[in-house]
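Only one structure is covered here, and it is reproduced in the block below.
As written, the chains take the letters A, B, C and D, and residue 1 is the first residue of each chain.
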Amino acid sequence: MDKFIPRDNAFESKVRDSFNRQEVMKTVNASIISVKPGQVELEFIHLPSLTQQHGFIHAGIVSTVLDSACGYAAFSLMAKDSEVLTIEFKVNLLSPAKGDKFIAIGTVKKSGRTITVAEGELFAFTGEQKKLIATMTGTIMSVIDREGINN
Amino acid sequence: MDKFIPRDNAFESKVRDSFNRQEVMKTVNASIISVKPGQVELEFIHLPSLTQQHGFIHAGIVSTVLDSACGYAAFSLMAKDSEVLTIEFKVNLLSPAKGDKFIAIGTVKKSGRTITVAEGELFAFTGEQKKLIATMTGTIMSVIDREGINN
Amino acid sequence: MDKFIPRDNAFESKVRDSFNRQEVMKTVNASIISVKPGQVELEFIHLPSLTQQHGFIHAGIVSTVLDSACGYAAFSLMAKDSEVLTIEFKVNLLSPAKGDKFIAIGTVKKSGRTITVAEGELFAFTGEQKKLIATMTGTIMSVIDREGINN
Amino acid sequence: MDKFIPRDNAFESKVRDSFNRQEVMKTVNASIISVKPGQVELEFIHLPSLTQQHGFIHAGIVSTVLDSACGYAAFSLMAKDSEVLTIEFKVNLLSPAKGDKFIAIGTVKKSGRTITVAEGELFAFTGEQKKLIATMTGTIMSVIDREGINN
(Lines give C-alpha, C1' and ligand atoms only; values in the text may rest on other atoms or scores of the structure.)
Protein backbone atom coordinates (compact mmCIF):
# COMPACT_ATOMS: atom_id res chain seq x y z
CA MET A 1 0.00 0.00 0.00
CA ASP A 2 1.22 3.47 -0.86
CA LYS A 3 1.31 5.90 1.99
CA PHE A 4 -1.75 8.10 1.97
CA ILE A 5 -2.23 11.46 3.64
CA PRO A 6 -5.74 11.87 5.10
CA ARG A 7 -7.53 15.08 4.09
CA ASP A 8 -9.38 15.07 7.42
CA ASN A 9 -7.38 14.64 10.64
CA ALA A 10 -10.45 13.26 12.38
CA PHE A 11 -10.57 10.41 9.86
CA GLU A 12 -10.60 7.63 12.46
CA SER A 13 -13.46 8.95 14.56
CA LYS A 14 -15.35 9.79 11.37
CA VAL A 15 -15.03 6.20 10.15
CA ARG A 16 -15.91 4.72 13.54
CA ASP A 17 -18.97 6.95 13.92
CA SER A 18 -20.27 5.99 10.49
CA PHE A 19 -19.53 2.29 11.07
CA ASN A 20 -21.52 2.43 14.30
CA ARG A 21 -24.51 3.77 12.37
CA GLN A 22 -24.48 0.74 10.02
CA GLU A 23 -27.13 -1.41 11.72
CA VAL A 24 -26.23 -4.32 9.44
CA MET A 25 -22.78 -4.51 11.07
CA LYS A 26 -24.54 -5.51 14.30
CA THR A 27 -26.56 -8.13 12.40
CA VAL A 28 -23.36 -9.72 11.08
CA ASN A 29 -21.64 -9.04 14.41
CA ALA A 30 -18.69 -7.26 12.73
CA SER A 31 -16.29 -4.99 14.57
CA ILE A 32 -13.39 -2.72 13.67
CA ILE A 33 -9.85 -4.00 14.19
CA SER A 34 -8.08 -0.92 12.87
CA VAL A 35 -8.54 2.29 10.88
CA LYS A 36 -5.48 3.68 9.10
CA PRO A 37 -5.33 6.24 6.28
CA GLY A 38 -6.44 4.22 3.26
CA GLN A 39 -6.86 0.90 5.07
CA VAL A 40 -9.56 -0.54 7.32
CA GLU A 41 -9.70 -3.98 8.94
CA LEU A 42 -12.92 -5.57 10.14
CA GLU A 43 -13.60 -8.94 11.76
CA PHE A 44 -16.57 -11.18 12.34
CA ILE A 45 -17.14 -14.75 13.50
CA HIS A 46 -19.06 -17.63 12.01
CA LEU A 47 -22.76 -17.35 12.86
CA PRO A 48 -25.35 -19.90 11.68
CA SER A 49 -27.66 -16.96 10.84
CA LEU A 50 -25.26 -15.90 8.03
CA THR A 51 -24.95 -19.21 6.20
CA GLN A 52 -25.96 -20.59 2.82
CA GLN A 53 -27.18 -24.12 2.07
CA HIS A 54 -23.84 -25.88 2.79
CA GLY A 55 -23.31 -24.14 6.11
CA PHE A 56 -20.68 -21.69 4.84
CA ILE A 57 -20.99 -17.90 5.14
CA HIS A 58 -23.15 -16.64 2.25
CA ALA A 59 -21.28 -14.82 -0.55
CA GLY A 60 -23.47 -11.79 0.05
CA ILE A 61 -22.37 -11.55 3.69
CA VAL A 62 -18.77 -11.90 2.53
CA SER A 63 -19.56 -8.93 0.26
CA THR A 64 -21.22 -7.00 3.06
CA VAL A 65 -18.14 -6.96 5.26
CA LEU A 66 -15.72 -6.50 2.32
CA ASP A 67 -17.77 -3.55 1.04
CA SER A 68 -17.73 -1.86 4.45
CA ALA A 69 -13.96 -2.44 4.72
CA CYS A 70 -13.33 -1.01 1.23
CA GLY A 71 -15.82 1.82 1.61
CA TYR A 72 -14.37 2.95 4.93
CA ALA A 73 -10.81 2.66 3.59
CA ALA A 74 -11.91 5.11 0.89
CA PHE A 75 -13.82 7.27 3.40
CA SER A 76 -10.71 7.56 5.61
CA LEU A 77 -9.05 9.63 2.86
CA MET A 78 -11.99 11.87 1.97
CA ALA A 79 -12.48 15.52 2.85
CA LYS A 80 -14.36 16.51 6.00
CA ASP A 81 -17.70 17.21 4.35
CA SER A 82 -17.75 14.23 1.97
CA GLU A 83 -20.10 11.30 2.11
CA VAL A 84 -19.05 7.92 0.74
CA LEU A 85 -21.04 6.01 -1.86
CA THR A 86 -20.20 2.63 -3.38
CA ILE A 87 -20.85 2.73 -7.13
CA GLU A 88 -20.00 -0.88 -7.91
CA PHE A 89 -17.91 -3.83 -6.81
CA LYS A 90 -16.77 -7.21 -8.02
CA VAL A 91 -16.19 -10.15 -5.71
CA ASN A 92 -14.26 -13.32 -6.48
CA LEU A 93 -15.02 -16.25 -4.19
CA LEU A 94 -11.78 -18.24 -4.10
CA SER A 95 -12.82 -20.87 -1.55
CA PRO A 96 -15.89 -21.66 0.57
CA ALA A 97 -16.24 -19.21 3.46
CA LYS A 98 -15.78 -21.64 6.31
CA GLY A 99 -13.85 -20.93 9.47
CA ASP A 100 -14.19 -19.78 13.05
CA LYS A 101 -13.33 -16.17 12.38
CA PHE A 102 -12.98 -13.89 9.36
CA ILE A 103 -10.94 -10.75 8.79
CA ALA A 104 -11.65 -8.33 5.94
CA ILE A 105 -8.96 -5.85 4.89
CA GLY A 106 -9.94 -2.97 2.62
CA THR A 107 -7.10 -0.99 1.03
CA VAL A 108 -7.22 2.04 -1.25
CA LYS A 109 -5.56 1.43 -4.61
CA LYS A 110 -6.16 4.87 -6.14
CA SER A 111 -7.54 7.91 -4.36
CA GLY A 112 -8.92 10.48 -6.79
CA ARG A 113 -10.83 13.70 -6.37
CA THR A 114 -14.20 12.08 -7.07
CA ILE A 115 -13.47 8.39 -7.59
CA THR A 116 -11.60 6.01 -5.28
CA VAL A 117 -10.72 2.42 -6.19
CA ALA A 118 -10.23 0.05 -3.26
CA GLU A 119 -9.38 -3.61 -3.01
CA GLY A 120 -10.48 -6.02 -0.32
CA GLU A 121 -9.30 -9.39 0.89
CA LEU A 122 -11.20 -11.71 3.22
CA PHE A 123 -9.27 -14.26 5.27
CA ALA A 124 -10.77 -17.22 7.12
CA PHE A 125 -9.19 -18.47 10.32
CA THR A 126 -9.70 -22.08 11.45
CA GLY A 127 -7.60 -22.76 14.52
CA GLU A 128 -4.07 -21.73 13.51
CA GLN A 129 -4.79 -21.86 9.76
CA LYS A 130 -5.28 -18.65 7.74
CA LYS A 131 -6.73 -18.78 4.23
CA LEU A 132 -7.58 -16.13 1.63
CA ILE A 133 -11.14 -16.89 0.60
CA ALA A 134 -12.42 -13.84 -1.30
CA THR A 135 -11.28 -10.65 -3.01
CA MET A 136 -13.14 -7.47 -3.90
CA THR A 137 -12.43 -4.56 -6.21
CA GLY A 138 -14.76 -1.64 -5.57
CA THR A 139 -15.32 1.80 -7.05
CA ILE A 140 -16.36 4.39 -4.51
CA MET A 141 -17.49 7.97 -5.03
CA SER A 142 -17.06 11.00 -2.83
CA VAL A 143 -20.32 12.92 -2.60
CA ILE A 144 -20.28 16.43 -1.17
CA ASP A 145 -23.93 17.28 -0.73
CA ARG A 146 -26.41 14.95 0.95
CA GLU A 147 -28.78 15.51 -1.97
CA GLY A 148 -26.48 13.43 -4.11
CA ILE A 149 -26.90 10.28 -2.08
CA ASN A 150 -30.66 10.54 -2.07
CA ASN A 151 -31.44 10.86 -5.77
CA MET B 1 -35.12 -14.39 -21.62
CA ASP B 2 -34.61 -17.35 -23.92
CA LYS B 3 -36.67 -20.41 -23.13
CA PHE B 4 -34.66 -22.93 -21.15
CA ILE B 5 -35.33 -26.63 -20.75
CA PRO B 6 -34.57 -27.85 -17.20
CA ARG B 7 -32.33 -30.94 -17.01
CA ASP B 8 -34.09 -31.96 -13.78
CA ASN B 9 -37.89 -32.07 -13.74
CA ALA B 10 -37.86 -31.58 -9.99
CA PHE B 11 -36.07 -28.24 -10.45
CA GLU B 12 -38.58 -26.21 -8.46
CA SER B 13 -38.60 -28.36 -5.34
CA LYS B 14 -34.81 -28.65 -5.59
CA VAL B 15 -34.46 -24.87 -5.58
CA ARG B 16 -37.00 -24.37 -2.80
CA ASP B 17 -35.35 -27.02 -0.61
CA SER B 18 -31.93 -25.46 -1.02
CA PHE B 19 -33.30 -21.94 -0.44
CA ASN B 20 -34.89 -23.12 2.80
CA ARG B 21 -31.49 -24.33 3.99
CA GLN B 22 -29.96 -20.85 3.52
CA GLU B 23 -30.21 -19.55 7.07
CA VAL B 24 -29.21 -16.08 5.89
CA MET B 25 -32.45 -15.84 3.90
CA LYS B 26 -34.30 -15.90 7.23
CA THR B 27 -31.97 -13.19 8.59
CA VAL B 28 -32.83 -10.92 5.66
CA ASN B 29 -36.44 -12.15 5.75
CA ALA B 30 -36.41 -13.06 2.03
CA SER B 31 -38.93 -15.37 0.40
CA ILE B 32 -39.46 -16.93 -3.00
CA ILE B 33 -41.98 -15.34 -5.36
CA SER B 34 -41.44 -17.74 -8.26
CA VAL B 35 -39.10 -20.41 -9.65
CA LYS B 36 -39.09 -20.90 -13.43
CA PRO B 37 -36.49 -22.66 -15.58
CA GLY B 38 -33.66 -20.14 -15.69
CA GLN B 39 -35.38 -17.45 -13.62
CA VAL B 40 -35.98 -16.97 -9.91
CA GLU B 41 -37.69 -14.08 -8.14
CA LEU B 42 -37.17 -13.27 -4.47
CA GLU B 43 -38.58 -10.53 -2.29
CA PHE B 44 -37.76 -8.90 1.01
CA ILE B 45 -38.90 -5.85 2.94
CA HIS B 46 -37.00 -2.97 4.49
CA LEU B 47 -35.67 -3.94 7.91
CA PRO B 48 -33.61 -1.55 10.09
CA SER B 49 -31.28 -4.48 10.85
CA LEU B 50 -30.10 -4.49 7.20
CA THR B 51 -29.20 -0.82 6.84
CA GLN B 52 -26.05 1.20 6.30
CA GLN B 53 -25.22 4.61 7.77
CA HIS B 54 -27.86 6.56 5.80
CA GLY B 55 -30.68 4.16 6.61
CA PHE B 56 -30.71 2.46 3.19
CA ILE B 57 -30.30 -1.29 2.69
CA HIS B 58 -26.55 -2.09 2.72
CA ALA B 59 -25.00 -2.92 -0.68
CA GLY B 60 -23.91 -6.28 0.70
CA ILE B 61 -27.48 -7.22 1.56
CA VAL B 62 -28.53 -6.13 -1.92
CA SER B 63 -25.82 -8.53 -3.13
CA THR B 64 -26.98 -11.30 -0.82
CA VAL B 65 -30.47 -11.45 -2.27
CA LEU B 66 -29.30 -10.86 -5.86
CA ASP B 67 -26.72 -13.66 -5.51
CA SER B 68 -29.34 -16.10 -4.26
CA ALA B 69 -31.69 -15.11 -7.09
CA CYS B 70 -28.94 -15.54 -9.72
CA GLY B 71 -27.53 -18.71 -8.16
CA TYR B 72 -30.92 -20.40 -7.97
CA ALA B 73 -31.78 -19.31 -11.52
CA ALA B 74 -28.61 -21.16 -12.57
CA PHE B 75 -29.38 -24.10 -10.24
CA SER B 76 -32.85 -24.50 -11.79
CA LEU B 77 -31.20 -25.59 -15.05
CA MET B 78 -28.58 -27.91 -13.59
CA ALA B 79 -28.55 -31.71 -13.63
CA LYS B 80 -30.01 -33.69 -10.73
CA ASP B 81 -26.73 -34.41 -8.95
CA SER B 82 -25.14 -30.96 -9.39
CA GLU B 83 -24.38 -28.51 -6.66
CA VAL B 84 -24.26 -24.77 -7.39
CA LEU B 85 -21.27 -22.58 -6.58
CA THR B 86 -20.91 -18.85 -7.23
CA ILE B 87 -17.43 -18.10 -8.59
CA GLU B 88 -17.73 -14.33 -8.83
CA PHE B 89 -20.16 -11.49 -9.30
CA LYS B 90 -20.23 -7.79 -10.02
CA VAL B 91 -22.86 -5.46 -8.63
CA ASN B 92 -23.70 -1.96 -9.86
CA LEU B 93 -25.56 0.18 -7.35
CA LEU B 94 -27.66 2.51 -9.51
CA SER B 95 -29.57 4.27 -6.73
CA PRO B 96 -29.76 4.10 -2.95
CA ALA B 97 -31.66 1.00 -1.78
CA LYS B 98 -34.59 2.70 -0.14
CA GLY B 99 -38.16 1.52 -0.32
CA ASP B 100 -40.80 -0.49 1.49
CA LYS B 101 -40.22 -3.71 -0.43
CA PHE B 102 -37.60 -5.09 -2.80
CA ILE B 103 -37.81 -7.70 -5.55
CA ALA B 104 -34.74 -9.43 -6.97
CA ILE B 105 -35.00 -11.19 -10.34
CA GLY B 106 -32.19 -13.55 -11.35
CA THR B 107 -32.14 -14.67 -14.99
CA VAL B 108 -29.78 -17.06 -16.78
CA LYS B 109 -27.98 -15.41 -19.70
CA LYS B 110 -25.93 -18.43 -20.81
CA SER B 111 -26.26 -21.97 -19.49
CA GLY B 112 -23.15 -24.05 -20.21
CA ARG B 113 -22.05 -27.51 -19.18
CA THR B 114 -19.85 -26.21 -16.37
CA ILE B 115 -20.31 -22.44 -16.33
CA THR B 116 -23.54 -20.46 -16.15
CA VAL B 117 -23.75 -16.69 -16.46
CA ALA B 118 -26.76 -15.07 -14.81
CA GLU B 119 -27.92 -11.48 -14.50
CA GLY B 120 -29.89 -9.97 -11.66
CA GLU B 121 -31.97 -6.87 -11.20
CA LEU B 122 -33.18 -5.45 -7.90
CA PHE B 123 -36.26 -3.25 -7.86
CA ALA B 124 -37.39 -1.06 -4.95
CA PHE B 125 -41.06 -0.42 -4.36
CA THR B 126 -42.21 2.70 -2.50
CA GLY B 127 -45.99 2.87 -2.51
CA GLU B 128 -46.92 2.61 -6.21
CA GLN B 129 -43.44 3.55 -7.46
CA LYS B 130 -41.08 0.89 -8.87
CA LYS B 131 -37.39 1.68 -9.40
CA LEU B 132 -34.42 -0.35 -10.63
CA ILE B 133 -31.73 0.17 -8.01
CA ALA B 134 -29.04 -2.47 -8.63
CA THR B 135 -27.82 -4.97 -11.23
CA MET B 136 -25.66 -8.07 -10.89
CA THR B 137 -23.73 -10.21 -13.36
CA GLY B 138 -22.61 -13.48 -11.82
CA THR B 139 -20.62 -16.50 -12.92
CA ILE B 140 -21.82 -19.75 -11.42
CA MET B 141 -20.30 -23.22 -11.60
CA SER B 142 -21.97 -26.60 -11.59
CA VAL B 143 -20.13 -28.96 -9.25
CA ILE B 144 -20.87 -32.67 -9.45
CA ASP B 145 -19.15 -34.11 -6.39
CA ARG B 146 -19.53 -32.59 -2.94
CA GLU B 147 -15.76 -32.73 -2.52
CA GLY B 148 -15.50 -29.90 -5.01
CA ILE B 149 -17.37 -27.44 -2.88
CA ASN B 150 -15.30 -28.21 0.19
CA ASN B 151 -11.74 -27.73 -1.11
CA MET C 1 -34.36 0.22 -23.03
CA ASP C 2 -36.09 3.15 -21.40
CA LYS C 3 -36.57 6.19 -23.57
CA PHE C 4 -33.84 8.73 -22.96
CA ILE C 5 -33.90 12.43 -23.77
CA PRO C 6 -30.52 13.67 -25.02
CA ARG C 7 -29.19 16.76 -23.22
CA ASP C 8 -27.42 17.83 -26.45
CA ASN C 9 -29.41 17.88 -29.71
CA ALA C 10 -26.20 17.42 -31.68
CA PHE C 11 -25.61 14.11 -29.90
CA GLU C 12 -25.24 12.06 -33.08
CA SER C 13 -22.61 14.24 -34.78
CA LYS C 14 -20.82 14.57 -31.43
CA VAL C 15 -20.59 10.78 -31.11
CA ARG C 16 -19.57 10.29 -34.75
CA ASP C 17 -16.87 12.96 -34.53
CA SER C 18 -15.38 11.43 -31.41
CA PHE C 19 -15.58 7.90 -32.85
CA ASN C 20 -13.70 9.08 -35.93
CA ARG C 21 -10.90 10.34 -33.68
CA GLN C 22 -10.44 6.88 -32.12
CA GLU C 23 -7.55 5.60 -34.22
CA VAL C 24 -7.98 2.13 -32.72
CA MET C 25 -11.39 1.84 -34.41
CA LYS C 26 -9.55 1.88 -37.75
CA THR C 27 -7.14 -0.78 -36.48
CA VAL C 28 -10.06 -3.08 -35.63
CA ASN C 29 -11.92 -1.89 -38.73
CA ALA C 30 -15.06 -1.00 -36.76
CA SER C 31 -17.80 1.27 -38.03
CA ILE C 32 -20.99 2.80 -36.67
CA ILE C 33 -24.31 1.18 -37.55
CA SER C 34 -26.48 3.56 -35.55
CA VAL C 35 -26.46 6.25 -32.86
CA LYS C 36 -29.65 6.72 -30.85
CA PRO C 37 -30.12 8.50 -27.52
CA GLY C 38 -28.67 6.01 -25.04
CA GLN C 39 -27.82 3.30 -27.58
CA VAL C 40 -24.97 2.84 -30.06
CA GLU C 41 -24.37 -0.07 -32.45
CA LEU C 42 -20.97 -0.84 -33.94
CA GLU C 43 -19.84 -3.59 -36.29
CA PHE C 44 -16.59 -5.19 -37.34
CA ILE C 45 -15.52 -8.25 -39.29
CA HIS C 46 -13.17 -11.10 -38.48
CA LEU C 47 -9.57 -10.08 -39.18
CA PRO C 48 -6.61 -12.43 -38.59
CA SER C 49 -4.75 -9.48 -37.04
CA LEU C 50 -7.22 -9.47 -34.11
CA THR C 51 -7.02 -13.13 -33.11
CA GLN C 52 -5.77 -15.12 -30.13
CA GLN C 53 -4.04 -18.51 -30.21
CA HIS C 54 -7.09 -20.50 -31.38
CA GLY C 55 -7.92 -18.13 -34.23
CA PHE C 56 -10.86 -16.47 -32.44
CA ILE C 57 -11.10 -12.71 -31.84
CA HIS C 58 -9.10 -11.86 -28.69
CA ALA C 59 -11.15 -11.04 -25.58
CA GLY C 60 -9.43 -7.67 -25.42
CA ILE C 61 -10.64 -6.74 -28.91
CA VAL C 62 -14.13 -7.87 -27.93
CA SER C 63 -13.74 -5.44 -25.01
CA THR C 64 -12.42 -2.67 -27.24
CA VAL C 65 -15.52 -2.57 -29.42
CA LEU C 66 -17.92 -3.18 -26.52
CA ASP C 67 -16.29 -0.36 -24.53
CA SER C 68 -16.65 2.07 -27.43
CA ALA C 69 -20.30 1.03 -27.91
CA CYS C 70 -21.05 1.48 -24.19
CA GLY C 71 -19.01 4.67 -23.85
CA TYR C 72 -20.67 6.33 -26.83
CA ALA C 73 -24.13 5.20 -25.67
CA ALA C 74 -23.35 7.08 -22.44
CA PHE C 75 -21.82 10.03 -24.33
CA SER C 76 -24.98 10.39 -26.46
CA LEU C 77 -26.87 11.47 -23.31
CA MET C 78 -24.27 13.83 -21.87
CA ALA C 79 -24.35 17.62 -21.86
CA LYS C 80 -22.68 19.60 -24.64
CA ASP C 81 -19.44 20.36 -22.82
CA SER C 82 -18.93 16.93 -21.21
CA GLU C 83 -16.17 14.51 -22.03
CA VAL C 84 -16.69 10.78 -21.50
CA LEU C 85 -14.40 8.62 -19.40
CA THR C 86 -14.72 4.89 -18.73
CA ILE C 87 -14.01 4.19 -15.05
CA GLU C 88 -14.32 0.41 -15.16
CA PHE C 89 -15.98 -2.46 -16.96
CA LYS C 90 -16.60 -6.16 -16.61
CA VAL C 91 -16.78 -8.51 -19.56
CA ASN C 92 -18.22 -12.02 -19.60
CA LEU C 93 -17.09 -14.19 -22.50
CA LEU C 94 -19.99 -16.55 -23.11
CA SER C 95 -18.65 -18.32 -26.20
CA PRO C 96 -15.53 -18.13 -28.38
CA ALA C 97 -15.58 -15.04 -30.62
CA LYS C 98 -15.73 -16.78 -33.95
CA GLY C 99 -17.80 -15.62 -36.90
CA ASP C 100 -17.70 -13.61 -40.10
CA LYS C 101 -19.06 -10.42 -38.61
CA PHE C 102 -19.69 -9.02 -35.14
CA ILE C 103 -22.16 -6.43 -33.87
CA ALA C 104 -21.75 -4.67 -30.53
CA ILE C 105 -24.75 -2.93 -28.97
CA GLY C 106 -24.15 -0.54 -26.07
CA THR C 107 -27.22 0.56 -24.10
CA VAL C 108 -27.50 2.94 -21.17
CA LYS C 109 -29.00 1.31 -18.07
CA LYS C 110 -28.87 4.34 -15.77
CA SER C 111 -27.98 7.88 -16.75
CA GLY C 112 -26.95 9.98 -13.76
CA ARG C 113 -25.55 13.46 -13.38
CA THR C 114 -21.98 12.22 -13.01
CA ILE C 115 -22.13 8.44 -13.41
CA THR C 116 -23.68 6.44 -16.24
CA VAL C 117 -24.01 2.65 -16.22
CA ALA C 118 -24.18 1.00 -19.63
CA GLU C 119 -24.52 -2.59 -20.76
CA GLY C 120 -23.13 -4.10 -23.92
CA GLU C 121 -23.82 -7.23 -25.92
CA LEU C 122 -21.64 -8.64 -28.69
CA PHE C 123 -23.23 -10.87 -31.31
CA ALA C 124 -21.34 -13.05 -33.79
CA PHE C 125 -22.79 -13.74 -37.22
CA THR C 126 -21.80 -16.85 -39.16
CA GLY C 127 -23.82 -17.08 -42.35
CA GLU C 128 -27.44 -16.81 -41.17
CA GLN C 129 -26.65 -17.73 -37.56
CA LYS C 130 -26.60 -15.07 -34.82
CA LYS C 131 -25.08 -15.83 -31.42
CA LEU C 132 -24.56 -13.78 -28.24
CA ILE C 133 -20.90 -14.24 -27.36
CA ALA C 134 -20.05 -11.57 -24.79
CA THR C 135 -21.62 -9.08 -22.38
CA MET C 136 -20.23 -5.96 -20.74
CA THR C 137 -21.30 -3.81 -17.82
CA GLY C 138 -19.45 -0.52 -17.72
CA THR C 139 -19.35 2.52 -15.46
CA ILE C 140 -18.76 5.76 -17.29
CA MET C 141 -18.14 9.23 -15.91
CA SER C 142 -19.05 12.60 -17.34
CA VAL C 143 -16.11 14.98 -17.04
CA ILE C 144 -16.71 18.69 -17.56
CA ASP C 145 -13.24 20.17 -17.67
CA ARG C 146 -10.50 18.72 -19.85
CA GLU C 147 -8.17 18.86 -16.85
CA GLY C 148 -10.07 15.96 -15.34
CA ILE C 149 -9.21 13.52 -18.08
CA ASN C 150 -5.55 14.37 -17.96
CA ASN C 151 -4.77 13.87 -14.28
CA MET D 1 2.74 -13.68 -4.74
CA ASP D 2 2.71 -17.13 -3.23
CA LYS D 3 5.20 -19.55 -4.66
CA PHE D 4 3.56 -21.79 -7.23
CA ILE D 5 4.75 -25.16 -8.50
CA PRO D 6 4.13 -25.59 -12.24
CA ARG D 7 2.33 -28.82 -13.19
CA ASP D 8 4.19 -28.81 -16.54
CA ASN D 9 7.98 -28.34 -16.54
CA ALA D 10 7.81 -26.98 -20.07
CA PHE D 11 5.57 -24.15 -18.86
CA GLU D 12 7.73 -21.36 -20.28
CA SER D 13 8.01 -22.69 -23.83
CA LYS D 14 4.30 -23.58 -23.72
CA VAL D 15 3.41 -19.99 -22.83
CA ARG D 16 5.80 -18.47 -25.37
CA ASP D 17 4.52 -20.74 -28.16
CA SER D 18 0.91 -19.82 -27.44
CA PHE D 19 1.76 -16.12 -27.15
CA ASN D 20 3.44 -16.25 -30.55
CA ARG D 21 0.23 -17.62 -32.05
CA GLN D 22 -1.77 -14.62 -30.80
CA GLU D 23 -1.77 -12.50 -33.94
CA VAL D 24 -3.25 -9.59 -31.99
CA MET D 25 -0.04 -9.35 -29.95
CA LYS D 26 1.74 -8.34 -33.16
CA THR D 27 -0.97 -5.76 -33.87
CA VAL D 28 -0.41 -4.15 -30.47
CA ASN D 29 3.34 -4.78 -30.78
CA ALA D 30 3.52 -6.54 -27.39
CA SER D 31 6.37 -8.78 -26.31
CA ILE D 32 7.16 -11.02 -23.35
CA ILE D 33 9.49 -9.68 -20.64
CA SER D 34 9.33 -12.77 -18.40
CA VAL D 35 7.43 -15.99 -17.73
CA LYS D 36 7.56 -17.36 -14.17
CA PRO D 37 5.28 -19.94 -12.55
CA GLY D 38 2.11 -17.94 -11.90
CA GLN D 39 3.39 -14.62 -13.23
CA VAL D 40 3.85 -13.20 -16.73
CA GLU D 41 5.10 -9.74 -17.72
CA LEU D 42 4.40 -8.17 -21.11
CA GLU D 43 5.37 -4.81 -22.56
CA PHE D 44 4.26 -2.59 -25.40
CA ILE D 45 4.88 0.97 -26.51
CA HIS D 46 2.57 3.83 -27.38
CA LEU D 47 1.33 3.50 -30.96
CA PRO D 48 -1.08 6.01 -32.55
CA SER D 49 -2.97 3.04 -34.03
CA LEU D 50 -4.08 2.00 -30.51
CA THR D 51 -5.49 5.30 -29.30
CA GLN D 52 -8.91 6.66 -28.34
CA GLN D 53 -10.23 10.15 -29.00
CA HIS D 54 -7.87 11.95 -26.58
CA GLY D 55 -4.74 10.27 -27.89
CA PHE D 56 -4.41 7.83 -24.97
CA ILE D 57 -4.27 4.04 -25.36
CA HIS D 58 -7.85 2.74 -25.65
CA ALA D 59 -9.20 0.91 -22.58
CA GLY D 60 -9.82 -2.16 -24.74
CA ILE D 61 -6.16 -2.34 -25.73
CA VAL D 62 -5.23 -1.96 -22.06
CA SER D 63 -7.53 -4.95 -21.50
CA THR D 64 -6.02 -6.90 -24.39
CA VAL D 65 -2.53 -6.88 -22.94
CA LEU D 66 -3.72 -7.33 -19.35
CA ASP D 67 -5.87 -10.31 -20.39
CA SER D 68 -2.94 -11.98 -22.13
CA ALA D 69 -0.70 -11.36 -19.10
CA CYS D 70 -3.32 -12.79 -16.70
CA GLY D 71 -4.28 -15.67 -19.00
CA TYR D 72 -0.68 -16.75 -19.52
CA ALA D 73 0.07 -16.43 -15.79
CA ALA D 74 -2.78 -18.91 -15.28
CA PHE D 75 -1.65 -21.08 -18.22
CA SER D 76 1.88 -21.33 -16.74
CA LEU D 77 0.44 -23.39 -13.86
CA MET D 78 -1.85 -25.66 -15.87
CA ALA D 79 -1.33 -29.31 -16.73
CA LYS D 80 0.35 -30.31 -20.00
CA ASP D 81 -2.84 -31.05 -21.95
CA SER D 82 -4.90 -28.08 -20.74
CA GLU D 83 -6.03 -25.18 -22.83
CA VAL D 84 -6.68 -21.79 -21.23
CA LEU D 85 -9.96 -19.92 -21.56
CA THR D 86 -10.84 -16.55 -20.04
CA ILE D 87 -14.36 -16.66 -18.60
CA GLU D 88 -14.60 -13.05 -17.49
CA PHE D 89 -12.59 -10.09 -16.32
CA LYS D 90 -13.05 -6.69 -14.74
CA VAL D 91 -10.82 -3.74 -15.50
CA ASN D 92 -10.48 -0.55 -13.46
CA LEU D 93 -8.99 2.39 -15.34
CA LEU D 94 -7.21 4.41 -12.66
CA SER D 95 -5.63 7.04 -14.91
CA PRO D 96 -5.49 7.80 -18.63
CA ALA D 97 -3.18 5.38 -20.46
CA LYS D 98 -0.56 7.82 -21.59
CA GLY D 99 3.15 7.17 -21.63
CA ASP D 100 6.03 6.04 -23.81
CA LYS D 101 5.96 2.42 -22.71
CA PHE D 102 3.61 0.14 -20.79
CA ILE D 103 4.24 -2.99 -18.73
CA ALA D 104 1.48 -5.43 -17.82
CA ILE D 105 2.05 -7.89 -14.97
CA GLY D 106 -0.35 -10.81 -14.59
CA THR D 107 -0.19 -12.75 -11.32
CA VAL D 108 -2.15 -15.81 -10.19
CA LYS D 109 -4.12 -15.19 -7.00
CA LYS D 110 -5.69 -18.64 -6.67
CA SER D 111 -4.88 -21.68 -8.78
CA GLY D 112 -7.64 -24.30 -8.64
CA ARG D 113 -8.27 -27.54 -10.47
CA THR D 114 -10.67 -25.94 -12.94
CA ILE D 115 -10.75 -22.26 -12.07
CA THR D 116 -7.85 -19.83 -11.73
CA VAL D 117 -8.18 -16.26 -10.54
CA ALA D 118 -5.47 -13.86 -11.68
CA GLU D 119 -4.84 -10.18 -11.11
CA GLY D 120 -3.17 -7.76 -13.49
CA GLU D 121 -1.56 -4.37 -13.16
CA LEU D 122 -0.63 -2.06 -16.01
CA PHE D 123 2.09 0.52 -15.47
CA ALA D 124 2.84 3.47 -17.75
CA PHE D 125 6.38 4.77 -18.11
CA THR D 126 7.03 8.37 -19.15
CA GLY D 127 10.74 9.09 -19.01
CA GLU D 128 11.75 8.05 -15.47
CA GLN D 129 8.21 8.17 -14.09
CA LYS D 130 6.27 4.95 -13.41
CA LYS D 131 2.52 5.05 -12.79
CA LEU D 132 -0.11 2.38 -12.12
CA ILE D 133 -2.88 3.11 -14.60
CA ALA D 134 -5.13 0.03 -14.67
CA THR D 135 -5.93 -3.15 -12.76
CA MET D 136 -7.63 -6.36 -13.85
CA THR D 137 -9.19 -9.28 -12.01
CA GLY D 138 -9.83 -12.23 -14.30
CA THR D 139 -11.36 -15.68 -13.98
CA ILE D 140 -9.73 -18.27 -16.18
CA MET D 141 -10.74 -21.87 -16.85
CA SER D 142 -8.60 -24.87 -17.64
CA VAL D 143 -10.14 -26.84 -20.50
CA ILE D 144 -8.89 -30.35 -21.18
CA ASP D 145 -10.47 -31.26 -24.49
CA ARG D 146 -10.38 -28.94 -27.49
CA GLU D 147 -14.12 -29.50 -27.95
CA GLY D 148 -14.67 -27.42 -24.86
CA ILE D 149 -13.23 -24.26 -26.33
CA ASN D 150 -15.29 -24.57 -29.49
CA ASN D 151 -18.82 -24.93 -28.11
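Everything below uses one rule, namely that a contact is a pair of C-beta atoms (placed from the backbone, for glycine too) under 8 Å apart; a residue touches a chain by one contact, two chains touch by 3 or more.
Keep in mind that what you see is a predicted model, and the values were worked out from it rather than measured.
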Can you name the chains that touch chain B as well as chain C? A, D
With chain centres set to the mean of the C-alpha atoms, which chain is at the far end from chain A? C
Shared interface numbering between chain D and chain C [over half = same, under half = different]: same
Go through A-C and A-D and name the pair with more C-beta contacts between its chains. A-D
Averaging only over C-alpha atoms, locate the centres of chain A and chain C and give their separation in whole Å. 32
Centre to centre, by mean C-alpha position, how many angstrom separate chain C and chain D? 22
Averaging only over C-alpha atoms, locate the centres of chain A and chain D and give their separation in whole Å. 28
Could you check chain B for residues that touch two or more other chains and list them? 87-88, 90, 92, 95, 112, 117, 139, 151
Note: in the complex, chain B contacts chain C through residues 90, 92, 94-95, 109-110, 112, 117, 119, 132, 135, 137, 139
Touching residues on chain D, where the partner in the complex is chain B: 87-88, 90, 112-115, 117, 139, 141, 148, 151
Show which residues of chain D lie in contact with chain C when the two form their complex. 18-19, 21-24, 26-27, 48-54, 58-61, 63-68, 83, 85-93, 95-96, 149-151
